[in-house]
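Each of the next two complexes has subunit A plus one more chain, namely subunit B in the first and subunit C in the second.
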Partner chain A sequence: MWAYIVRRLLLLPLLIFLVTLFVFGMYSLLPPKMRASLYVQDVPKTSDAMQRIIEKYGLDQPIHIQYVRWMGNLLRGDLGWSRTAQRPVLEALAHYFPATVELALWAIIPVIFVGIWLGILSAIHHNRTLDHTTRVFALVGWSFPSYVYGLLLVMVFYAWLRWLPVGRVSDWVLRLEAAGGFRIYTGMYTIDAILNGRADVLANALRHLVMPIFTLAYIQWALLLRITRSSMLETLRQEYVMTARSKGLSERVVVYKHAARNAMIPVATVAGLLLIGLLNGVVITETIFNYPGLGRWAATAATQLDTLGVLGFALLNCGLLVLGNLFVDILYAIIDPRIRLE
Partner chain B sequence: MKLLLRLCKNPLSLTGLILLLFFVGVAIAAPWLAPPFWPREPYRIARCGFSPMPRPPGIDNPLRGIWLIVTRQATICQIRPFGTTGEGQYDIYYGLVWGTRTAFKVGLYITGISLVIGLLVGSVGAYFGRYVDEVLMRLVDVFMAFPFLVAAMTLAAVLQPTIGRGLVTAMIALIVFGWMGYARLIRGDILSVKERDFVQAARAAGAGHLRILFRHILPNAIYPTLVMASMDIGSYVISFAALSFLGLGAEVGYADWGQILSFARNWIPRLHQYWWTVVYPGLALILFVLAWNLVGDALRDILDPRLRGRIMV
Partner chain C sequence: MWPKVLALAVMMGVIGWAQIPSPDTYIEAWIGDMQSLDPAWHYDTASATVIFNVYETLVFYDGEHIDKFVPMLAKSWEVSEDGRVFTFVIREGVKFHEGGDLTPEDVVYSLRRALLQDRAGGPIHMLLEPLLDVYSIAELAEKVGDEGAYNMVCEAVKLVDGKVVITLAFPFPPFIQILAGSWCSIIDMEWAMALGDWDGTANWRPWHDPKAEHSKLFNVANGTGPFKLEKWVPGEYVSLVRNENYWRKPAKLARVVFKIVPEWGTRLAMFEAGDADVIAVPRAYVAAMDPLVAAGKAKMHGPLPGAIAQTGFFNFRVVEGSPFIPQLGGVDKPDLLADIHLRRAFNYAMDLDVYIREAWLGEAWPVGGPVIKGRLGHNPDQPIYLFDLEKAEQELRLAWGGEAWKKGFKVVITYNTGNVMRKFAAEMLEMNIEYFNEIRAKEGYTAPIVIEVRDLPWPTYLAMMDDKQLAIFFVGWLEDYAHPHNWVHPYMFRTGAFAIGQSFSVIENVYFEPVHAKWLPAKTYATLQDLFDELVILAKKEPDLKKAELLYFELNRLAVDYAINVAHIQLLVRRYEQPWVQGWFYNPAYPGTYCYVIWKG
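Right, the complex of A and B next:
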């Protein structure tokens, strides 16, 4: 067990090195003028001054020397200046991070519960109406682009019925915050509201989160449902399930205690995919609902040629994904002893 | 032929096939359904006036409107069967009709090129084995260390200053991060085919590496990968439209579903008044992708039963 974890951990620096190499590769595709913005805030207009900057920061030097310099900057936490966020990239990442984490964490709840629960139900009622309905739901969900779904939600619940707001919190919360009546601890309004003991702020933040959460969750449901269903079907055919039934155990115990636990093993492998899905999903979701998090900022930065901002976002994403996959691998080794022996 | 017959037997795949045929028909008949507005650039969406607000359809019955356009009794801007977008007054019907061609182009190009790259990397790795395989597979791992859409978005943003915004930029970005799945799948299948007797026989007969790989091994291992590719076409169209939706896809004014949809973002507080800016382009995207997924699902069950229930990502 420990040997496996140590082996996985030893691989980590290598993966991180490759990821930085890759992000640097994308950075070096940029024209020198844009690469210069990593070092100077205002890129000079005249070619003379530009030439001086290129020489000063070695932007015309061989690629490996540039990489070492870039890496040095990265280790010092200097990712350049983001034009769209009007602050250094690292600071911008830190600024927008809590909002996105809040969104993603809340979204995990409906993703896992509804996805897995529907998958299990679908498997139990194999080839009956419920199964067919959920399968059609999954197939349609698979084909339904999240941005169309999000726009339809906005159209019905925000524009038409006025039930749910867009954005992150209402203006009065921001005014309260500016007046000092609401202290920010974590940057996540739902948690801060509890820490401040303000139920009205909590309710307000949650109301703003409903549509983004369901858009993010919906992207994942189809995937999770399919895997849970097929894995559950496979498990229900196993002989030990028959044994459990013949012992006279209730169907509930057989399904949820004997079968579902083993069926969850393949489901755990897609936890990494779910993470990818969430990271991809926040960009579109936040853009549609005007939710001021990492994703919306990255999308703005990408369209306004604030490339250093986008690269910073990409680097953070890869880092999260590498760590997430490590976590999943270890989790997997814990729940399935066969893996450790490989 | 037998394949087609089996596709028609299942109601789901029949629906998919009919939808797909419908889209093929629209793509072929585009110049007739929506006569080019700019004579030399049919892919530039027709623009009807200068109003800043989205304008509703100019006629109550969209089907009758389309008929009037097709029979040349009225121009597109008089009818506007599906209304216009706000900014730029792009005609939605025109954009959707010509956008069908864009969707096919994008889906087929991206899938085709990614497939070729994946096949090359995977088969070379699996056939030569050892360190070649090791290096190539680690390369695959690195490319997979990026969340797909975020990576494609980043690359598209990086490429824009050099090669400009356009169809090609977005397609390159999606291809660069799209080939790894095929490489992995074909590698696994080749590894198992490689050990079979007929490969030994070919080697004994004196065939070269290339001949063995491309004439003997690949034809026996390629089916699952092809099926996977056919199932991916729909999701590539979604991804491309997502880039367009974010403003990183085709250039402004190019007939492309994602872009038409992105105009709706300007009207979020009053979206229910301007419902046509979301509903029509959204419907086109959903039906197109659904068609590919239905056909792909059925193809998979017919051609390769062992893939059934396998998750495609």
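Right, the complex of A and C next:
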């Protein structure tokens, strides 16, 4: 297994090289003036403005020269400046990633547990009212555009009922932070609140997370439900399950101890991929809830042709993808001892 | 009786106060972030809003007036008889936020630094034009060398007997407006130098035209204004706190927060929840605010005359190699739109009433010539082209000696992707001009008139406009300072933002006979561009307001007579705020909310 892990990790630099080459290649398709136009807010007010911008940012230099320079800087740990994040790319990643990780980690709990629970529930009540109700409930979430759904939540629970807020934390927390009364350790407010011993900040950060988590969870439940349900149905038809039942074991033990564990193999793959997806940032959810995470920034960087920002994001993504898939493979082997990683 | 009424009033007051969330904190929800805190670098509304609350200028607009000024960091000022020399006495006892004292040296340093920094695409061309008669410091340095340019800057802005003396290259009436702009904010010299900014010597190149992040003042601020910068978290928020040592009475608000909330629905929700005192409301969403206004849950100011216009531009000669070269009778004709009859036909075919009603919800008005209403030189009696298909047909029949009518032609109208208002205007022209194909067909002319409407992504659009590749294009202009020069320059001058892409020089041997500025001699100019240039320069240097006004009348008339644009309209604007926001007034020259005058109650 260790050889397998090392081999997979060795793939990472190659993958990064190919991805960065691809992103650079894409941007090189645009003529310098088009890229220069992104540096002016509006119509340039003087006749030489565009040419001066092209020269200043070296937009007319051959693509391979720009790429080699960027690679050289990368090896020195300098990913350049992100125009859209208004800070160095590395700093931007360090700023936005913890926010997204925080959201993803909190969201994955209900996504997986409720999703699996609904799937099992649906399978054991196969073709009965509970099965249909659960499936309809989950399918509504799957088919409803998250954009509309998220906005509905915002209007109802934030604007009208005023139960739940948007953003990451309230203004008073930011003031506390600005005044030095709250120290940032990880960039994740829920964790930092614990480290600072501030229950009020923890409660505030959690309140802000409720709506984005629910939105993300509701979208994903249908997927997990379907996979868990079909996997469970298949497992419940297996002979060893019938044997367990004929031995007089309770239905609860049969389902949760004997069937569920085997049914979890395909579910684990999907759950792992879901987590990777969430860690990449969720553009719509982050935008609607004004949650300043990686997804929102990456989308802005892409639409505004912030090359260095996009490259930084791509690098992080590559790493996450390789490590995430590796994690899923290992998980797979743990759940099913018959699988050997070679 | 009275004590009871008083008690009730007090109680209601208390209840009312209690309903106002964070009564001493003012929050605005913006769509996008600011670009820089460096006054000389920034050129966007968001940055300007923060800067003009944190920094101050020598003079400032008097309330809602755009042509009256009050001393700010200058205690007083004098202007020489020839209008070229401005002498400022600097206010004493003013402190920067970090404790430094304001001195005349700070003023001189700030203005010189701005002139020498002059970043590409930045605001300093406005200052360079009247002071040194150039549009970029690099352009000047090419002619006189770096040291020569530095010496000229020092001569233009200098300290004489403790007073700041600014000498213009020529009399330039709008100079005072330019000086009131946020790009002329005064910074603390010692503080800037300590940060590693320009050291005040002739070696200015290392600090010239920096990238945003390379400016030492990119994300720090130390002004004399009513608010101090507390924190800027890019992409999230900017917070300001009251300057308790302000040289005037401290602001009523203790804190100001500008939050970046790109999504409209979220901004609306923030407003409804009371978490934002003011939100940016795109025109397409004003209907969502109406019920709130009707229910007394929001206040609406407006529609107010905005310092912004939307216009269609004709390119008289599209450059070779462009994918949008017009055609006449199926053959490429780059100068198709050089024909005045064709341009007039387009103007008569534009139904401005419908365009304004449908695309702009009735909140715009047509303007005759570049200069908008409310500015010196706007002529309310200037005739404009009104929708008239008969006249459009007459003009079309005359275009290119009748060839356009007989052989047909093709032209592409472009707009930037996503701009539905510009799309509406373009499609209206398409529909109304192509309508003549039916009439032409009856006369046996089967080669069609084709008007193609194409959208282009903004970067492509801007780059192609700059390269003169677009035939007819729609763009907007937001005024930099409240003076007609800021309108005729971009619309008509050789190097103006739009004129540069319109090739007016194609029209040769232009006979000019003044209609308004009767003291001008009638004469023939080599090109239309030469005529425009001369009048623009004469108008900007004219110290006599009456004469200047007539010169601007003349420019507006020429713009209409030569039909250099189509569908030129001035937009009206609205502001929505919570019912408890008090003190706001409209000054179109302000980049955003001047929070010093705001309070909640």
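By our rule, the second predicted complex is superposed on the first by the 261 of 342 C-alpha atoms of A that agree within 3 Å, B and C clash if a C-alpha of one lies under 4 Å from a C-alpha of the other, contacts with A are read in each partner's own complex, and residues count from 1 in each chain.
In the analysis below, a residue touches a chain if its C-beta (ideal position, glycine included) is under 8 Å from a C-beta of that chain, and two chains touch if they have at least 3 such contacts.
The structure displayed is predicted, hence computed values, not measured ones.
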### Query
Which partner does A:208 reach: the first (subunit B), the second (subunit C), both, or neither?
neither
### Task
Could you look at A:22 and tell me whether it touches subunit B, subunit C, both or neither (first, second, both, neither)?
first
### Message
Let me test your reading of the model: by the given contact rule, A:198 touches which partner, first (subunit B), second (subunit C), both or neither?
### Response
neither
### Query
Now for A:144: first (subunit B), second (subunit C), both, or neither, which partner does it touch?
first
### Query
In the superposed arrangement, does A:287 touch subunit B (first), subunit C (second), both or neither?
both
### Task
Could you look at A:305 and tell me whether it touches subunit B, subunit C, both or neither (first, second, both, neither)?
both
### Message
Contact-wise, after the overlay, does A:174 reach subunit B, subunit C, both or neither (first, second, both, neither)?
### Response
second
### Message
Quick one: is A:258 in contact with subunit B, with subunit C, with both, or with neither? Answer first, second, both or neither.
### Response
neither
### Query
For A:318, is the partner it touches subunit B (first), subunit C (second), both, or none of the two (neither)?
first
### Query
Of all the subunit A residues, which ones make contact with subunit B and with subunit C?
30-31, 34, 151, 154-155, 158-160, 166, 287-288, 290, 305
## Note on the structure
In the complex, the residues of subunit C that touch subunit A are 22, 25, 27, 33, 35, 43-44, 120-121, 123, 125, 135-136, 138-139, 209, 211-213, 219, 230-231, 234-237, 239, 255, 257, 259, 261-263, 265-266, 268-270, 272-273, 275, 458-463, 465-467, 475-478, 480, 490, 495, 497-498, 500
### Query
In the complex formed with subunit C, which residues of subunit A make contact?
30-31, 33-50, 52-53, 56-57, 81, 83-88, 151, 154-155, 158-160, 162, 165-167, 171, 174-175, 178, 287-290, 292, 296-297, 300, 305
## Note on the structure
Per the touch rule, the subunit A residues reaching subunit B in their complex are 15, 18-19, 22, 26-27, 29-31, 34, 139-140, 142-148, 151-152, 154-156, 158-160, 166, 223, 226-227, 230, 233, 270, 273, 276, 279-280, 283-284, 287-288, 290, 298-299, 301-303, 305, 307, 310-311, 313-314, 317-318, 321-322
## Note on the structure
Within the complex, subunit A is touched by subunit B residues 138, 141-142, 145-151, 153-162, 234, 238, 241-242, 245-248, 261, 264-265, 268-273, 275, 278, 282, 285-286, 289-290, 293-294, 297, 309, 311, 313
